[in-house]
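Read through the structure below, which is laid out as structure tokens, and then see the notes.
Chains: A, B, C and D, in written order; residue numbering restarts at 1 for each.
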């Protein structure tokens, strides 16, 4: 894959934004390989993402930022630019269940994941061997249900030490303290095993079984202080019927979970997601 | 389509039910054209549906019932038998939105609906011309928001007068009084424009838009006294994204609604649905 | 819906296209409400579609064309601009089966179809009453299997007389002569009742049944002289299983057909489709 | 999971089959936990599968066979009975691509696969480390493109030596000689990376890209002497659009391939598939 810069912008909508940005790029002979726009008439905001061939621009990212800053200020943009060659550092967090973890590790192994898994943190030791086969550091941080604070202090310290760009809760099964959620806002991705907002909280498949739904789902979302209420990145479902037991639902649901999580994570890694007011714009 | 008898059974599970029932049928040379079974290990119940070629049996329904009664008693069955030649009488209820109504009318028109639409009851007059084109009686029963009782008394009287086997709320938009719900338990089918239990109540597409879900859905369920809480017959979803406005969701949702409602209704008309403890077994 | 101009462009890719076009628009204070781009690295072409609020521009379409022409020439664009207020004229062609026709008529009736159905041409009289209920002219043009030329001459004459922008074969079941296909290239849309290229030609559901596939589908495509080989606009499928007879497949397939056709047609009506080398770019 | 016997039957349809079989079972107090039936009106055959709690029967499989034989003969049944406790031996065949192999290995690792992977045969050495991590023997059998016979003789010898119940071509990329196909008829499962019969043969994603389809798919089927023409067990698709390159399609297709293959294999391992005249009955 060719090296690109990804310019991602959100700002109040008005005439001339695209003209200004693309003229800026054209002035420097920037070759746009992918462009996405969205104007939201409901809130009056405009969102845009451009991938520009890095070799076509005379800039590194710092110079780009300096050159672009006046335009960003003029249009009151929230914006960032990312270099596809600087892959994001991923810290995975897991518990005992391996399906999401194994899926992400395999995608990483085959080069499909547009990022680098720098560490796995788990509260059990079950998955150590699987992780270490991939030569990835495995950190066991047990969580004492009576006093969770020390564990989460250690988790925080590890995340910082690895300079993680994104933390993925790959069926981690522990609720993060709100301080952590706030500190890494927009950087922690969770997979919830239901089609949210249905069946938030514990044991969603049991809830789904009890209600008798005909589809089960999974939701990939950013973690916020409000459990299971963060901005949704990706969702999917699959059909079940009366003959499926809770165990069947758990098994069938795994396939939905890993697909939804891997898709959602990939969107994030490629700077395709913009969060605005607890919703996401996803430029697939 | 060949005429069949549909024998539908629910009973506590034990050894020998299928043997007893099918030996009974074989004794009389009954030719089974379709058979479905489900044993639920969680509640210890057994469910079964057989379609038997009517011409292969020496019985009319009354004689069948007399002959089968001892077996039903022995196994403590909740059961019924239906004749495919006696199509069910359907009363549709509608308001102003035509998509579900038009869809069911067209399926009826082309012979796809395994039932007879005997009347439409609506609280507005908008859809009269569409209904009357099909030579189906149209009853306007306006609902006075200050005193709804007279309207629902008239609705009840019409349902009884038409001897309806099933009442379909094709986006009727009024909440039926609990007395009506109880009287026709298991006979009133509603389409809710969300993937329940998400977004129960009013304006589900607005709720879905606000939450930022990535799929919208619809749910066909039996009406009970608890609004939007009845047994689910059928559900489906379709993908949306950030660029879809509420108006888009309403428009895209219509296609899901009519499909889910028509499928759910067809299952009911063909005696494919067994309700047990607020859940359904659907023998597709 | 607000009135917009839709500017649709295809041209060889190079630096500065978007800048040039959007600067042109911004110069005249054109407010872009929707923008889509696609650069195809395989063939080196660039495609773009902009919706611009009509009231924000000082132009009617003719003036726009004059002002934009030099830019179009500079970049060797194939392009057109359309006015959302000038809805496209649709001629539907049908035979005996009503499901696609009824679906499009109903969407038209409720204002969902972004176009005007000006006439229906059919080779049987079965659907006349349904069409005339909508106050749409119905033309019976019988096709003599020994000499089809007179019928197609009449069809051509009707299409011309109605000045049709698009002709929709809503299960018309006749193969159009290649002269007609060539004359209205990119303007005739067909629904084929299989997931092309599987099961091209006659009786696709019979072919699908024989092969034992687990999904059936439908394909909406532009008609070209090569039967069932034209550019694909939209496709979809639904699951079947061993218990589905050919009759079941025909019935279940109808739901896929009408959805795929209506979606494909809507994309066309809203100028969302660009055809290039027998493939389509569809800016949903 | 409780130990069961799986009784699978295909025979010409007539009155009394189910009665005879279930009375036989009930006579011995056999507790049926799952029952599926299918009568095919097109060919006059009847298919049935019963799972019976092993502990409820006074038989081992050999005694069961002796006791059931007269009934099977009376109804001219093709039938077999399998013991869920005797898991099937699986030989996987692979090449360089790991996604299907890794998926099946992981499902095996977590106990989701209802069988035992006894060996992997591959024509390249790339996947050895992954396989050996699971403590599964890895056999490299290089295929000389000028003389493939020695390689396939070795493959055959390995399959026999491992007494494989099923051979899975997990993207093996070599065409098996027809002798092998015939010898293990109904025992070799392949995953083809297209929605067959579309894009049979080589490079299906390239073919799909060229044709401009809007969905890509995968097909799990039994291998026969006619390449890509064997009975289809399972299929699925996913949506793509104009912006997806061949590389994107390859990547997105992997998720469909592994899901379709794992589902199809599981059906086979649980004796849920009956092959009849190049089609399958799959009792999900």
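For this structure, a couple of remarks:
Assume a contact is a pair of C-beta atoms (placed from the backbone, for glycine too) under 8 Å apart; a residue touches a chain by one contact, two chains touch by 3 or more.
As the structure is a computational prediction, the values presented were derived from the model and not from experiment.
Contact with both chain C and chain D is made by A, B.
Ranking every chain by how far its Cα centroid lies from the centroid of chain C, the top place goes to D.
Homomeric contact chain A/chain D is classed as same-residue, with over half of its interface positions used by both copies.
Between chain B and chain C, the centres computed from C-alpha atoms are 36 Å apart. In chain D, the positions touching at least two other chains are 34, 41, 243. Contact residues on chain D toward chain A in their complex (touch as defined above): 34, 98-99, 102-103, 106, 109-110, 112, 133, 243, 251, 254-255, 259.
Across the complex, chain B is touched by residues 15-16, 18-20, 22-23, 25-27, 29-37, 39, 41, 56 of chain D. On the side of chain B, the complex with chain A involves touching residues 38, 40-42, 195-199, 211-215, 217, 231-237, 241-243, 245-246, 278-282, 284.
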